[in-house]
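Each structure below appears as structure tokens.
Here chain A shows up in two complexes: once beside chain B, once beside chain C.
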Partner chain A sequence: MPTGAATLPRAYFLRLMHLGVPVSSIAQRAVKFSRSKPFMGYVFLLPAILLALLLFVYPIYLVTSISLRDIDVVSLSRLESAPLTQENYVQMIIGADIGTTIWRSVLYMVGVSVPSFLIGLGAALLFNKKFRGNRLLRTLTLIPWAVPGVVAGAAFLWMLDGSYGIINYALASVGLITEYVPWLSRPETALIGVIVPTVWTQFPFYTLVLLASLQNVPVELYEAAGMDGANAFQRFRHITWPAIRSSASLALLLGALTAFREFDLIYSLTRGGPIGATETLAVRIYNEFFVYFDGGVAGAIAILTMIACALGVGVLYPYVKKEFF
Partner chain B sequence: MVNKVSKKAPLALALLAVLGLVGCAGGAQAVPGGDEPIELEFVTWQLEEAGIQDWWTAVIDEFESEHDGVTIVPRHVDGNDMAEFVTTRFAADSAPAILHLPTEVFAVFAEEGWLEELDSRLADTDIPQTWPETQSLMEWDGTTQGLMVFGYSVQLFYNEQLLEEAGQSVPTTSEELVAVAKALTEGDVYGYGSVTTQHRDLFRQASSYVVGFGGAWAKDGEYQFTSTEVVAALENYREVSKFSPQGISSDQKRELFFQGKVAMMLDGPFNIPALADAAPEVKDYVKVARSPFDAISYYPANGLHIPSTGTDREKDLAWDFLELSASAEMQDLFVELYQSPAARAGAGSEAEVSPLLEEFITGSAESVGIIPSSASIRANFGTFDRLVQDGLMEMLTSDRSISDIFADVEERLLSEDIQP
Partner chain C sequence: MIPTLAYPGIRRQRRRWQPKSIVLLGAAIVVAAMAIFPLYWMFLTSVTPMGALLTKQPTLFPQLELLSIDAYVSAFTDKDVLRWFGNSVMVTVGSSALAMVVSLMAGYSLSRLPSRGQGATGYALLLTRIIPGTVLVLPLFIMFNSIGLTDGLLALVLANATIIVPFAAWLMKGFFDGIPYELEEAAMIDGCSRFQAVCKIVLPLTAPGLAATALYATMTAWGDFLFARTLIDSTDLWTLTVGLSTFMNENGTDWSGLMAVGLLSVLPLVVLFFVLQPFFVGGLASGGVKG
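Right, the complex of A and B next:
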């Protein structure tokens, strides 16, 4: 019996036994045991269920509870004794300019996802070709994805510096700007200033997923299309894109969700400023709790964010499911 | 035998898992009593700061030598993350035994009832008689809940060489400050270093101008954002910031000054110990002059506190730590190591200090505090600070009139029910 056989599904062993595949006596005993005592299956699952409750359900319960309590900041042991209220939600809707924050989050999500996807697609198409140094370049391309947001933030903080930053120097050198721009401290440029580093950290994800799909496309299809006189765009449109469309849909969904919840990179660059220009929902939740010390409103916005993510997935998932599964 | 084990194993595993989870959730730790060894966590953002880190180490060493079996566990938390760290620890009912807090956020925690009242303990010491008037900022709801550790006046640091090369004299008025900053700005060297990005020091720096021009953010129950003094102060701030690197925080400002990229900056005495790490071509030319404003601003920076959630033994030991830090011996050492005025009156009079400290010592006597006294502002300081910062950032990044910008800030503050 292979290691861990006791945790494999019972149907797996039954099917093997019916097919006449020799299964060790220990595995057979495990199947008989689970058939005779179904209760034990639940016992086996109990640790996993408890962990799931602890790590998933309890935090959601906690946030929901905070959002419905009349509190500023409070110790968790006293949370249940705080009076219940709907005021946090009312406050969030009428007093917290939440529409602007949602719009900013959507803008950031789209601003990150579209360029990341296009750059990732370009890189995947490039790495799907055979050329010298391909493996090395492919590895280097993946590095930004592994860099923690705070580290990337610190690096871009200097690169985007308004007086000595290398990005200003490069743009001025090629004549794209006439004077240095303090990207992160001007409300009109700050969102671009946080989108650029996020794209840098996210595009390798798309490269990885799309490259994996591209490598499954038979070369013969391209050869046949070439013989039929198809140009590069036609080959992409009629062979490449249909082959990677399903992976691209799923990657875009996951990437967009990641961007929508992004916190550490934005916070390390601007803390949501200036004048709230980069305060997305995730940063807003943090600021409400730890800057304005308004735990109730922070909880209400967290619930709103969770609902927004669930709605986004709910709307897009059928399409992805159709494409992918 | 195998069968017996395999039948009982999952049950035992599940039971262990349940017990383990329950044990984790229980949380309550046994607290050593009597003379048993005990560890006290001390949280501060100053364990990596030149000068003051040596002082904290000295206080901790002395405390541990006086208290057998008691270990202070110092924990460094970045200043920007201090409020988050402390809030989280209080929320989890696991507050550090000794707290070091920026004065601005003290009231937020006091309002929650998280800090211990210290009046009865203070009454047995000479602290009420020897501490500056700003110790009153440690009072909340009629009781004292902290011990002021450090406050400082703001003076003008300048690079003598850069001023001489440009043929400029040290500015003595706000108008001269702008003119000299303009004259010194050339190429990649800036005449003046100013906080020009959204940062907690933005409010503090702007407050130096406001107080320096004889104004206040709030006075006699009224906001003063559009008063002549405040508008003139902020106009000066806006004007001189044009000759500063854009988008920089106070840390970047100091770094650029010590690299010789910035010629002047208004700041506190804690920069003096940091001079040791300055570029060699800058170090010898750094001088300090009186702030060029009519009044000198004073920032009552931080205090020590004892969480009300600790055990009696933890509170007693934490108080011993506070009392030791306030002792004449330790206060003398504070001046010597941090090269900054100590809270205790007359402390460090015999200490070897840098000549750069002179302006700060004389300045402290005549300086004016920058933190508004309104209880509503103090209890909601996070929101107040952020809204004023928003106004300051709009001021620095647009041409809109200062009166209009800050009339909006006032309206937003009042709509948040933050009363002056």
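Right, the complex of A and C next:
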């Protein structure tokens, strides 16, 4: 990639450089204008808006432009002069088997979110009870959430190993499998092989959020229900669940979206392989661009992904807004 | 129940070792053990020599006679772990600090702003949060390339900050919402400027929220692999996550080495997590997520 060809406006760079600097001066100016409340509010928003414009809105424009042009990856610096085309989108739809990738993404998202949620909910209900050692054990349980995707990938690459992996050993000793399964190198099992580690890193998120909302449920309700003879399931069904339902759905939404954009873990485990069996949309975009050097199709898939995100959030947002704002 | 109610002291003592509480403790130990097992297994692997690892009969406990720290020694001598560590620290501190300042201001203004603009901003924040990093890394790679920012830590700082700010601002807004505006007004009537009011009254009250947001920022930046892998070429500038991935190669992975470096890279986060985690549960309960 020729770095010298600075076709992008230098002004962007300069503004970028300035971005970190004037924060304090913006804050000072903000104080001056503090009498007019709304204005000050917007001044405080300024750094975030600048950051968003430079490192978010402009990049999105750039991807859109790439997806609409006939250009190969090495000459991307001359993007603006390349001819416009719809070829990339046609290519994506007829040549790239995009339906399978979308289906795989959905499968991965659901396959990760549902077990993570159930495990997370179970752990939250458990740690909401009072017993000795609760605090320490709770912290230990939440730790996987802090583990970076690549580290989790490393751990499970070894644990899922087809010849010496502890998971194969454990499954074989309890008789669930008769011979060792090379989880990550067989197309039929690879998706399970990436889902399990993702569940491990994600379930603590649900525990954390649900625990926070469980702590707001008044104890008196349970005492009253106990006097009325409600059993554990009835108490959960009629007291706990209504109380945590809204934050549970919100957590599920955020968690599912996190799974949807997951890259680090999948990439470090399988790089999307074998033969594309674990290639979700997020991984696909990367591979198209950085492995197959097909900038146009990568851009087209990126745009498709983004439209899917925008629609998904658009449909769910009114509900989220009710919970959050 | 009646006699125990009559002697509250005895009741408290008894309650601790009721059978029910022992069952709960047992269940919690099982859950925590399963959650922590992969890290334990990493540790065990890192202190076991390669020859002993490749066995069909793995043992769950360390074999004391085989114990060795060779993997750690060679991580520091053969590989540039210290340098990667330094780079990771620089990127994490830089992007977290930048993101914290920006999202603090944004969160404050979102919280105090008239609610008209909030709907759209909330939608934008959520959208930026969910768009896959790979969508963003593509144009960032091109942009940074054309202005000569690639292959520098500044590129990583900026890219990570972009990813952190939306959610961090969202969290901060929730925390500020929990603090009555009247407190600031009172301080300003007493002679504080608004800036002073925010610094002296509001920020100390949001300390748990700040801690929670800082933890989120640190975790995100420290764990980043996509940007570091894409925007950095020189081995001198690799972060820990990229360095770690060099241990996973086709011609025989050095499992002990991989696990040693993996554990070293996760250790600072785990320590930080232990310290800040109480704030996180409290912080989420107080404002971040209504329930």
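To be clear about the criterion, the second predicted complex is superposed on the first by the 265 of 325 C-alpha atoms of A that agree within 3 Å, B and C clash if a C-alpha of one lies under 4 Å from a C-alpha of the other, contacts with A are read in each partner's own complex, and residues count from 1 in each chain.
Here is the rule we go by: a contact is a pair of C-beta atoms (placed from the backbone, for glycine too) under 8 Å apart; a residue touches a chain by one contact, two chains touch by 3 or more.
Everything numeric in this text was worked out from a predicted model, so none of it was measured.
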(request) Quick one: classify A:S213 as touching chain B (first), chain C (second), both or neither. (result) second
(request) Counting touched residues of chain A, say whether chain B or chain C comes out ahead. (result) C
(request) Mind working out whether A:F236 is in touch with chain B, chain C, both or neither, as first, second, both or neither? (result) neither
(request) Classify the contacts of A:Y222 with the two partner chains as first (chain B alone), second (chain C alone), both, or neither. (result) neither
(request) Could you say whether A:A152 touches chain B, chain C, both of them, or neither, answering first, second, both or neither? (result) second
(request) Would you check which partner chain A:L126 touches, where first means chain B only, second means chain C only, and both and neither mean what they say? (result) second
(request) Scan A:G273 for contacts with chain B and chain C and give back first, second, both or neither. (result) first
(request) Pick one for A:S185: touches chain B only (first), chain C only (second), both, or neither. (result) first
(request) Once the structures are superposed on A, label A:D72 by its partner contacts, choosing first (chain B), second (chain C), both or neither. (result) first
(message) By the touch definition above, which chain A residues appear in both interfaces, chain B in one complex and chain C in the other?
(response) 40, 43-44, 46-47, 51, 76-77, 163-164, 286, 289-290
(message) Going by the contact rule set out above, which residues of chain B touch chain A in the complex?
(response) 6-7, 10-11, 13-14, 17-18, 21, 83-84, 87, 90-93, 108, 111-112, 188, 190, 196-198, 245-248, 261, 309, 380, 382-383, 386, 389-390, 393-394, 396-397, 415
(message) If we count contacts the way the header does, which residues on chain C are in touch with chain A in the complex?
(response) 16, 21, 24-25, 27-29, 31-32, 35-36, 38-39, 41-42, 45, 53-58, 98, 101-103, 105-106, 108-110, 112-115, 118-119, 121-124, 126-140, 142-143, 145-150, 158-159, 161-162, 165, 169-170, 174, 193-195, 219, 222-226, 230, 241, 244-245, 247-248, 253, 255, 258-259, 262, 265-266, 269-270, 272-274, 277-278, 280-281, 284-285, 288-291
(message) Under the stated contact criterion, what part of chain A meets chain B in this complex?
(response) 33, 40, 43-44, 46-47, 50-51, 54, 72-77, 95, 161-164, 180, 182-187, 270-271, 273-276, 286-287, 289-294
(request) Please give the residue numbers of chain A that touch chain C in the complex, ascending. (result) 1, 3, 5-8, 10, 12-13, 16, 19-20, 23, 26-28, 30-31, 34, 37-38, 40-48, 51-52, 55-56, 58-60, 62-63, 66, 76-77, 79, 122-123, 126-127, 129-135, 137-159, 163-164, 166, 169, 200, 204, 208-209, 211-213, 215-216, 243-244, 246-247, 250-251, 257, 260-261, 263-264, 267-268, 281-283, 285-286, 289-290, 295, 298-299, 302, 305-306, 309-310, 312-314, 317, 320-321, 323-325
